[in-house]
Amino acid sequence: MSESTSRPESEGTPHPTRGDTSQSHLADIATTDAALELPPEQSGFGEGVIGEVLLDIEGLSKSFGSVHANRDITLNVRRGEIVALLGENGAGKSTLVNQIFGLITPDRGTVSVKGDSTPIKDPRDAIRRGVGMVHQHFQLVPVMTVAENMVLGHESTRAGVVLDLDSARRMVRELSEKHGLAVDPDAEVDDLPVGTQQRVEILKALSRRVDLLILDEPTAVLTPQETDELLGVMRELANSGTSIVFITHKLREVLAVADRVYVLRQGEVVGEVATKETDATGLATMMVGREVVLSIDKEPATPGEPVLEIEDLHVRDDRGLAAVDGFSLTVNAGEIVGVAGVEGNGQRELVEALAGMRKVVSGRMRLGDLDLTTANPYQTHHAGLGHVPEDREKHGIVGSYSIADNLVLNEFDQAPYAKSGVRQFDAVRENAERLREEFDIRSSGVFQTAGSLSGGNKQKVVVAREMAFKPKLLMAAQPTRGVDVGSIEFIHRRIVEARDEGAGVLLVSAELDEILSLSDRIAVVHGGTVVAEMRVEDADRTEIGRLMAGDH
Amino acid sequence: MERLSTWASKNRTPLVIAAAVLVAAYAFNLVRGDIAPSMFGAAWGYAIPLVLAALVGVIGERSGVVNIGIEGQMLLAAFAGFFVAAVSGSMIVGVLAGIGTGLVAGGFLAVTAVRWRMDQIIAGVVLNIIATGLTSFYLVSGQSLPGVIPNVSVPLLSQIPLLGEVFFSGRSVIALIAILAAVLVHLALFHSRWGLRTRAVGEYPSAADTAGIKVERLRMVNVTLAGSLAGLAGVYLSMDASSTFEREMTAGRGFLALAIMIMGAWRPLRAFSMALFFGFVNATASQLQQTGGFSIPPQLTATLPYVATLVVLAVAAGRVRPPGAVGQPYVKKDQ
Amino acid sequence: GGDTGSDTGSGDTAGYSTDDSNCADEEVFCIGLVTDTGNVDDKSFNQSAHEGAEAAATELEGVYKYIETQDAKDYAANMAQFTDNSYDAIVTVGFLMTEATVAAAEENPETKFIGVDQGYPEGTELTNLTGLIFPEDQAGYAAGFLAGLMTETDKLGQVLGQEIPPVQKFAKGFENGAKAANDAVSVQTVYHPAGDNAFNDPVWGAGEARKQLAQDVDVVFGAGGNTGNGALQEVAKADGAGESVYCIGVDTDQWDTVPQAQPCLITSAMKLITKGVTDTLMTAESGEFEGVQTVGEAGIAPYHDFEDTIPDDVKSQVEEIVAQLQDGSLETGVTL
Amino acid sequence: MSDTRTEEAPPPSDGGPREPEAPKDRAGLLAYLIGHQSGVVIVVALVIALLIGAALIRYQGVNPWYAYEVLLRGALVNDGALTRTLQKTAPLVLTGLAVVLPLRVGLFNIGAQGQLQLGAIFGAWVAYVAGGAGFLGAVLGMLVGIVFGSVVGLLVGVLKAYRGVHEVISTIMLNYIVAGVTFWLVVGPLQGESSRTSGIPQTESIPEAARLDTVAGVPVGFAVAVVLAAVCWWVLGRTTFGFRFNTVGANKEAARYAGVPINRVVVLSMLAGAGLAGLAGALEALGTLHRFEPAIVGSLGFDGITIALLARANPLATIPAAFLVGILRTGAAGLQFQTGIAPEIVDLLLALILLMVSIPVLGKWLFRSRADKQSVATTSWGN
């Protein structure tokens, strides 16, 4: 109970190296009976005994209409433990953690935190009990500053009413220093790159007293460096007594940081395993219920004519700053060119410019015969550009439309889906049924609204649509973000097939593994321009990482 | 001091515009001292209910709730204020009844649009029709008010040339409250805990929810409380600006207030200035008619305020960004 | 209106009946009234006509009912409600119903029609129809004359409803009368901007009156239904009301209809609609209309409490003017 | 994970033709009722609204059933009543559509009032001038009505699409501007010769031959309105043109991505909606008043909002919605005549109906199911 009880100091301790530390940490918990007493309420960490059961879930069930999102789930998390939840898209992971955070009321079962099993009413209640959560989708108010977001809901005030933003800023600085997550308290969230937004989310959760931290796919939007940074923070938190529930689709991360893993399938816990007793293949098999091929095997490319030529392109971002700055690249038929780079280096603007959705300042872009610099999305599509957009919810699908309509979103006025301006619903339905089959889109039928699909299935709808019309160039931006391994495998296979059928593929991804395993050629971008181009055979992971970081 | 200068640099454009307007106003006063004060006075008089009503809109929409029922809220309050005062023989009772009615009308919107998640536009339209129907249906003629709402002059402030004369001298209490309300709502919205939460709820309710704020409750409270300002605006119409209640006497002011709210970019003080601008163009239009000498038919000069508004918006900043979640009921994940 | 329940539901409170089952009967005289989208409690011409009809029905121990039109396209249908029930006389109020009234009169020769404020085109020859019109310009002239004599600042103001003929006649008469009394006078005139609430915007009326007062106007003529009433009430609240600033009402003696205006109301430019309607209804019951147009009376209302405030020589000058207007020796000079 | 969601039927389509809902295999009446939930909810809502209305009428000392009987007789049964009701319904269908079309794109048109008025005055004037041409004159009048209504819509659309001026502001402002301009026209350049002497603000009366009459008791205007409602429904639901509208309304960003020219669709939707309002004005001039006078607009434009909302932005449903409003408005006068109840009672009834029909919880109470999350039509109130 005294100050002298030591907690690892952030500056002093090197980040635990992945893998081995987590193993030893688990061993700690498993073997050490000697309780580590923690200072109460100090720096936001709870009092308690490492190793005791902190979160105990029993018989938890929740259904939405006829969908059993969670069935009779029983699991527990001990203090200082990192537990990963794994499962395909729609397996019920988010539903599960949302119940712990009071966002969803369970149909049956109990959630007890620190032995208190009264139902959690709402997030306010959850927060009060020491639960913090980073949500799958950002829960930040875009037009507010970092500091404002951080204190929202527990603001300090002067004279009881006047908002004390100075103390908020101070708190942001302190927290960000303590956890080594740099953010500017006065920056508006809207202006921040996604990686930084995620940092804000994490700090926000930590700004309250947190005994149990839930992270729902926090790494989906992070670069490898940022991911490592986060995993380090997680390890550190766990060491000092915070329990963490961690959801991710990336097995590498699970193996690196988690102590234990629960695997969910169709709303049920189908397995529980200690990370030291399993490996990636084992986890993937548990998740999907069959063997998953984690590596892509593809024939060497046979590049043909150039399909896309970009020369000295300049494009501005939303704030009017140069985002794409002298970008040149050529994509040939029958090859996959991967654009690797830390997010925010002009990739989004590049993709939008190519798709005709953003004005070009200067430069040349050609797709076959079409001059893309002045083309609109309609023209680019009809010139043979398939575009899997980065933000599928925003651009890729119309949530209130049926899957069938979404599958013809940019072909609806073409034969056979329309004849002289009149839509042909039979053709639309047939197309949808064919693609649903072919792309394994899991739904009740082709007239289900696309908005009600799980993330992976939404992505399949988009991919199906963009590949179905046999594009000359398939441009895929972050095509597997937030998608489960089974679907990733599937989408990757389809991309390679498209290449083999002669399409050029421009793959934009922040996922270095994805770039490395799919691409035939790699262009590394930094600051809106290509800083290096190489064949995949010549690529070296660390070298690319160095280039991405702007070290060239 | 430092705070002041950062504040000034952050608000450079509005400050420059305000300064320019002030200079122009004093210049006009210098040239036409015979009509300038009265025109500004008329402009402000015209703007008073619009300011109050626009604040209702601002509070509602900043919390994420569209309120196109302001017209109806004002009408009901005007009705209740007038008749309760007439029957009870007490002005203050009437005023309170009017404000209370505004609250009830706000509560109606809160319950239907927020709690029941009825389409917000429909809820507002329903409120407007109910108000028109009820107040005409139960109108009794031949009543009159037992007194007047007192005019007051603010010491010191009323000494300021022109501005003091227009805003602080011999104006009714409600006019002063309108100024105060605009300032207070501005301060509250941008500098208080309530304001931060309100804006969060109107921008991105799920972020507020996950931060432990009860979205529905806050929305309901805000929409209901804002009703009191609509009530005050209604009371102003039937008990202060005029001393009578007539069918549909709000005459579209609730809708104009919405336009002013948007022109004011959902900011209280900017809406306040827009209401003044609107009032001024109105005063100019009627002054043109009244002084004669122009061959423009009065029907056409009467359209001046509206034309001016459109032109200003088309030329200048048309694009303003509304609160992100306005119009959408907040549906929790499992409902 | 809210009072309809008692008015027509239980006729015995009034001196007439609302039971129209025997209208076909010779003995029973049934009167119907249709407004042009106004209400019978508008403190203005609809109300005056309504009261006139009530008075006639009481006098004749007849039947009386009314319909407040909601939509300009319903005039014919609303009149048909009465003709279908064999009413004997129908009063239609407002010049907007001019044409519909002529048409109905042609179709129903057995029914007498009285159109208040309606001037029919040359060549209209119907014996069952009369349009009751008033020399508003004369009433305005007399009121303006009084105002011209009363003003200290030589500035008069008019706050008016929609720019339509009856209002224009009042207003121009007022201006001419004022100038005749005092050629230094200037008259500031505002009509309500077009819109369907031109006669129903007391707040606007009050605002305009306030502005005029601030510009040194000391007599305000409020002519435009509730809009004008708003102006009167504002003047009544002003400093010096009844001492240095005055107001003048319109249509009826507004001392009675708008009591809040009493502090400043020196008179009203009246057209005697109530009397006109009662009289023509009596004629309708007993015999033939005097012609296709009936000219009603116009004038100014009593001074009430201002009897003593207004100097005697002013009173006598005004009296003289009124007499000259009535005997036709003085023209108002108003042409529309 | 998979096909567990079989029972999740597609949400009620909001207008466009969609595939029928998956049949449910529950037996009997209950199943039927549940299958036709929205229909049942509307009927129940109507009944509740009328019951509350009955209480209000009772409170006025009148037997409510008698009052409703009078209302219905006056609107449907009496001689010529049905024709009159249909006559009133016609412009209401069109102003309803004038709100529906932009609503589908996410725009809130509260300017039908002004659009109608401008269409009415020029429609009336042209029909008068071209009256010699008989029916052709009438057709011309209608076309001109559409054109002038559209001009207002064009202005709103262009300001919105290219200058970012919020349509709610511009339509409110234009309502006032049009009112001023038409009033000036009708006491000035376009005032009828015969009205000039008496000063009545109205245009010349349209010659008999160019008026729109009734055919077998059905007003021509009504037929035109019904056909147009059907056309709108078909276009929105079945054509690529309509698909563009709906897509912009549903997800602007996705529409851009899909190559839909958003600005053009925004302008077109306002143009089309306003054109229909203009046509409503012309129909009123040609078929009802046979001339223009300012009172022609009444509350038609604002009723259009009520109707669009009652119809849940479904073009076909504007017909019954408008008919309902038509019945109430037609029956109101007789109601006052027969029972002494002020005609404003119909406003109260209308408000109650709209309220009851739109309360999502009503469906919940009735069926103990999840609230009908499908909102009527989401306006991009803010954008």
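For reference, chains read A, B, C and D in written order, and residue numbers begin at 1 within each chain.
Here is the rule we use: contacts are C-beta pairs under 8 Å (C-beta built on N, C-alpha and C of every residue); 3 or more make two chains touch, one makes a residue touch a chain.
Small disclaimer: the values here were computed from a predicted structure and weren't measured.
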Top-ranked pair of chains - ranking by C-beta pairs in contact: B-D
Rounded Å distance between chain A and chain B, as computed from the means of their C-alpha atoms: 45
For chain C paired with chain D, centre-to-centre distance based on mean C-alpha positions, whole Å: 37
Mean-CA-position distance for chain C and chain A (Å): 76
Touching two or more other chains - residues of chain D: 176, 180, 183-184, 187, 342, 370
Per-residue overlap in chain C, given as positions that touch at least 2 other chains: 1-2, 163, 193-195
Multi-partner residues of chain A (each touching 2 or more other chains): none
Pairwise chain contacts, counting only pairs that touch as defined: A-B, A-D, B-C, B-D, C-D
Chain B contact footprint on chain D (complex, rising order): 56, 108, 110, 159, 163-166, 168-170, 172-174, 176-177, 180-181, 183-184, 187-188, 305-306, 309, 342, 344-348, 350-352, 354-355, 358-361, 370-371, 373, 375-376, 378-383
Contacting residues of chain B [partner chain A, same complex]: 191-197, 199-200, 203-204, 206-214, 321, 324, 332-334
Residues on chain B engaged by chain D in the complex (per definition of touch): 61, 66, 112, 116-123, 125-126, 129-130, 132-134, 136-137, 252, 255-256, 258-259, 262-263, 297, 299-300, 302-303, 305-307, 309-310, 313-314, 318-324, 326-329, 331, 335
Residue numbers on chain D that touch chain A, as the complex places them: 1-8, 10-11, 17-19, 22, 238-241, 243, 246-247, 250-251, 253-261, 370
In the complex, chain C residues that touch chain B: 1-3, 39, 41, 43, 47, 157, 163, 188-191, 193-195, 197, 200-208, 210-212, 214-215, 226, 229-230, 233-234, 237, 258-260
